[in-house]
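These notes concern the structure reproduced below.
Labels run A, B, C and D following the written order; every chain starts at residue 1.
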Amino acid sequence: MDTEGNGHRAVTSFPPGRSNTWPDQARRMAREIRRRVLELTLGRDGCYLSQALSSAEILATLYTRSARLGPSLGPAVPPAFSGVPGQAGVRHGQGAAFNGPQGSDYDRLLISPAHYAVAVYAALVSSGRMAPEALDQFNTDGSQLEMIGAEHSPGFELTTGSFGQALSQAGGIAMANSLRGSSGRVFVFMSDGELEEGQTWEALQCLGHYRIDSVVVCVDVNGMQYDGATSEVMNIEPIESRITGFGGIAVSVDGHDVTAIERAIRQTPHEGRPLVILCYTDSARGMPMLAARKPKLHFVRFRNDREREQARAVAENWARTG
Amino acid sequence: MDTEGNGHRAVTSFPPGRSNTWPDQARRMAREIRRRVLELTLGRDGCYLSQALSSAEILATLYTRSARLGPSLGPAVPPAFSGVPGQAGVRHGQGAAFNGPQGSDYDRLLISPAHYAVAVYAALVSSGRMAPEALDQFNTDGSQLEMIGAEHSPGFELTTGSFGQALSQAGGIAMANSLRGSSGRVFVFMSDGELEEGQTWEALQCLGHYRIDSVVVCVDVNGMQYDGATSEVMNIEPIESRITGFGGIAVSVDGHDVTAIERAIRQTPHEGRPLVILCYTDSARGMPMLAARKPKLHFVRFRNDREREQARAVAENWARTG
Amino acid sequence: MIELVHKPHEGNLVAWARNRPDVLVLSGDLTGSTEIQLFKDTYPERFFSMGMAEQNMLSWAGGLAREGFVPFLHTFAVFLYRRPLDQLEMSVCYPNLTVRLVGFLPGLNTPGGVTHQAINDIGVLRAIPNLTILEMGDATDVETVLDLTEEIPGPIYVRMLRGDVARLFPANERIRLNSARVVRDGDDLSLVTSGHCTSEAMPATAALARRGVAIRHLHVSTLKPFSDPLVEETIAVSGRGVITMENHLVTGGLGSAVAEMMAEKRIGGPLFRMGIRDTYAQGASFPYLLRKHGIDAMALVNKVETILGENFRLTEDDLRAEAVPVYPPSQVDERQGSERLEAL
Amino acid sequence: MIELVHKPHEGNLVAWARNRPDVLVLSGDLTGSTEIQLFKDTYPERFFSMGMAEQNMLSWAGGLAREGFVPFLHTFAVFLYRRPLDQLEMSVCYPNLTVRLVGFLPGLNTPGGVTHQAINDIGVLRAIPNLTILEMGDATDVETVLDLTEEIPGPIYVRMLRGDVARLFPANERIRLNSARVVRDGDDLSLVTSGHCTSEAMPATAALARRGVAIRHLHVSTLKPFSDPLVEETIAVSGRGVITMENHLVTGGLGSAVAEMMAEKRIGGPLFRMGIRDTYAQGASFPYLLRKHGIDAMALVNKVETILGENFRLTEDDLRAEAVPVYPPSQVDERQGSERLEAL
């Protein structure tokens, strides 16, 4: 395993002169993800902001360090939506181009909770895989940057807006890899709400049964779902023992600590078992002004001018320290 | 809770003079279940025999002792199939009549793996809830005693031939009971193959979330499914920790020991949690001649005259000692 | 000026359930998006959060219904028929239980993309015995459908509308089972629409009327059963043909139901089915998708022109002039433009 | 004397897969009942046991197909479209992946009762974009369908037959996409059948021919797409009407597809749809259920009599005399009688 991380990363978007240790890069990327999604939240009067706040470090760690991804093969500014698979010339999974080439030398990064799309798009921008102006397309008619990402959306490879289906598909991809003798890992980014779907457990059970250890799952355990706290809506704890019981290896980490996430991925022995990193996170991370609204933060719209001003100040501060 | 067991039991089918402690009754009932299903297996040249062999003591314990069931309200010999629910005058769940009246004084017994039907029918006969000649109808055209039971079939209340759906329905029934202030428990008999279905875990999760402790599940862990050993086909172990992780209380017992099953049901504290009794069983129990065919015993047909003779001898012996 | 009713289902459900203690609401973790927050606040003891586990929710509802409760399941339509189809069939429809499925985001009417677009719900569900299928077309439909459910002991699927819903039909002319509403009369062509397409068709038929094309227009709200004599009669006297228009695939839904009636009764025709033409769709705003898939007002005009071999030179402005002013113009962008995000 | 082919799929799959290393088989814990034990024994490294977890199986297959493998899923039909409909749609059909769904126990042809009867699979699946739907009617269909799949890059659902399958069509006249087979010619009535109903109809049309009724009979094996000119032409020249006959609900399947064609093209008619009439069924033997639901040979005779207003006084014996002797008489009870149990 390449413990030195990803040699292919495009980090040119980071100003020279800054520290270029990967954790610093990742932290900067996380800040940029937050800022860009916050700006969209202000510009569009509402967005899946809390998901960016909770997952920024997870995505940044995967893109910066843990997932071996080659340089993007996608255009800096994605073209308009060209059709659904099956229509002339349209193939499945086209959004994967932004995660670079596929093959034995590379890992795969699969996004499961499709409403995290805006955070993924921001991660692509902040890792130099997509131009900043591409975000202007977000959720506009005819754009591939859909609000709920699908497999044509940049950074996506699967159509997972109906939750809980990515892990099974990852299993199929990982099994195909092993049949072909390819050593790439398959990273799956999931939300904690998805742990309520029975299919998630069918998938883990099957990964365990086939001793597939090339699948690494990172779960954003932000403790909330649409209606509120998971503990109130439908309890999922103790997640660790659920995962262990179903054949996985589970590690809980502070989901805002990039080195902790990275270390858990790199150092946890999990031979013959899928690895599940439970990234416990705060859905208001970096924006204390939102903390009072927890756990009802599934979709954030600022309520008045005062809130908007406060938020703008946060964004500007992040831009300065970017 | 009525620790003295079921005062309504009809045990008249047992010869007088025999020991009438409930464990002895239950053991006799188990023997009769095995014998009757074996006779059908011979008479029809094939049947779900191994399911009767593995589950006989579980069903016998539930019918004899653990489940508070009133006397059957069904006719000794069930009439012909009268139509599907929705057709004039046909209501859902009619097979439940054989388990007696419903209401606060009674428990419910729900059968999940519908191919165990023949064992259930035999249990009804051996507990005096159905006449022995009713079994002649088994799997004949126009009879309610279908090979794969459905909710009109004697002893059934749900239509569960597509596996893994009974536990959720039991949850709804138990929740309704508690909304109405009814104290009856809901017993669910399941097979181990059903533990592979994601829905089973959605159901357990929900029972745990709502702290529903009136549901008691008895699983026939015979270690096999259609294709062979569960460990080979799709591993489900460690079942105990899976269940604990999902909010249940799990107890493993020897599924052929009626007192162990009964004790586990009666004595295991499980306040605020559903109770799951994992009855580890032997699918060739009582018929060593079948042991060599394990774990491929999902449907048993004797292969030649010698086997049939041997089997007939076993049946006769059971009849004598019945 | 047509009335715009704000969240008709939300308040109606609460009022209607007041003296019906057996009515329960089950939520699939989309309480705010399916207008049941008020129910939850008003009757917390009758509201049950089922999380994101639709298979369990469907079977669980079956269990509740077996005990005499009347569960109303609220989630997006796709999560009522795709994820839990087996449970819907075996735990609810086979036993013919009194379960009500309230499905939101019909057809292309969602900001959520392909995974949220219930473009084939009617097609899938028409193939399920015992199930009654109702589709809401206006605020009156929404406000009166709960009363209608009481006439139907078996399971019901309601293709629901949310948010601000136009009132197209008088508030006191309640929805009736298997009974279409006559929107307009005429004998050049027959038009049968359902759901949103009814309001889409109204300006088109009005503008065409000015050009001398008289269209008999029915609004259908019961997709199953489908044996309304009014529909049959309308098809039979169909002049140059019958058009169906639905926010759904052309296969399996309204268009197919009409085709079956026409073929079996050998009446009317030819049939022109407007709808999504056997394809999945991308995520975008509703008006954009309606246009792209040819099920908006102008598409209807074009279809009529093709059938009649004429060109009426109708512009978007002509249609807008006819448009029942459902939304105050200033709010159109606010409501439907993709620029304005809504939580799902 | 018509040939009876023993397990045509089993051996065919093994032979066909020999030089196609990308072909994988996924089993839903029904290996012995879906004729893939031989595949498992022959290519153990290409056989994958997925247990009883159909949702995972469908999505997993999507993952394999994305990587260039061609998974053939084998289980009972109900467990391919009911339990995992969402996964079938979102993980397989939306991305238009090369996944093959081999579904057993079509319609009422199962000892398993309502939970095992795929009586609405065609109806549900015709509403799914990108999916091709094939139904097997004889051994030649079964033996040649794998070759046909290679012409279709997207997902395919095959309604499969198992066990001893009659050969109705010459072994060298392979199944073709969207191409019906002419079983018999005539101009009094048109008859379109699929699956088992084709062999059910043959003795009936033969006996009716002796009474002077000339029926044009087509066997359809592609349910989607459904645009075969031969079907259209047959419907158009339909004499006194068109009969469809299918081992499926009358809604959503062959009958609806024909109705759509008739209504849109304004051809032929009236249409008489034979099939299960919008109801679930009990568990019993196949012949018993076919008779009870009116889709056996005698039911077809009765339908023709009703249409023509005649009584041909045909008896079961008359039909039996015509019957393609598919099963050696001595084996009939063995094979189909409910007295003889089969494992599912």
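In the analysis below, a contact is a pair of C-beta atoms (placed from the backbone, for glycine too) under 8 Å apart; a residue touches a chain by one contact, two chains touch by 3 or more.
These figures come from a predicted structure and were not determined experimentally.
Colleague: Spell out the chains that contact chain C while also contacting chain D.
Modeller: For chain C paired with chain D, the chains in contact with each are A, B, in label order.
Colleague: From the centre of chain C, which other chain's Cα mean sits the farthest off?
Modeller: It is B whose centre lies farthest from that of chain C.
Colleague: Report the inter-chain centroid distance for chain A and chain D in whole angstrom, where each centroid is the mean of the CA atoms.
Modeller: 44
Colleague: Using mean CA coordinates as chain centres, what's the chain B-chain D distance in Å?
Modeller: 35
Colleague: Using the touch definition from the top, which residues of chain D touch two or more other chains?
Modeller: In chain D, residues 50-51, 53, 55-56, 78, 82-83, 86, 90, 94, 114-115, 129-130, 279-280 touch at least two other chains, as defined above.
Colleague: Where in chain B do residues touch two or more other chains at once?
Modeller: 84, 86, 150, 159-162, 196-199, 202, 205-206, 209, 234
Colleague: Looking at which chains touch, is this a line, ring, star, complete or other?
Modeller: Contact map by chain: complete.
Colleague: Within their complex, state which residues of chain D touch chain B.
Modeller: 27, 29-33, 49-53, 55-56, 78-79, 82-83, 111-116, 279-285, 288, 338-344
Colleague: Over in the complex, which chain A residues touch chain D? Could you list them?
Modeller: For chain A paired with chain D, touching residues are 84-86, 92-93, 151, 158-162, 165, 168-177, 179-180, 198-199, 202-203, 205-206, 209.
Colleague: For the complex, which residues does chain C have touching chain B?
Modeller: Against chain B, chain C makes touches at 48, 50-51, 53, 55-56, 58-69, 71, 86-87, 90-91, 94-97, 129-130, 154.
Colleague: In their shared complex, at which residues does chain A touch chain B?
Modeller: Answer in residue numbers: 196-202, 205-206, 208-209, 234-236, 238, 241-242, 244-247.
Colleague: Which stretch or stretches of chain B touch chain D in the complex?
Modeller: Checking each residue of chain B against chain D gives 44-47, 81, 84, 86-87, 114-115, 139-142, 146-150, 152, 159-164, 193-194, 196-198, 225-227, 230, 232-234, 298-299, 301.
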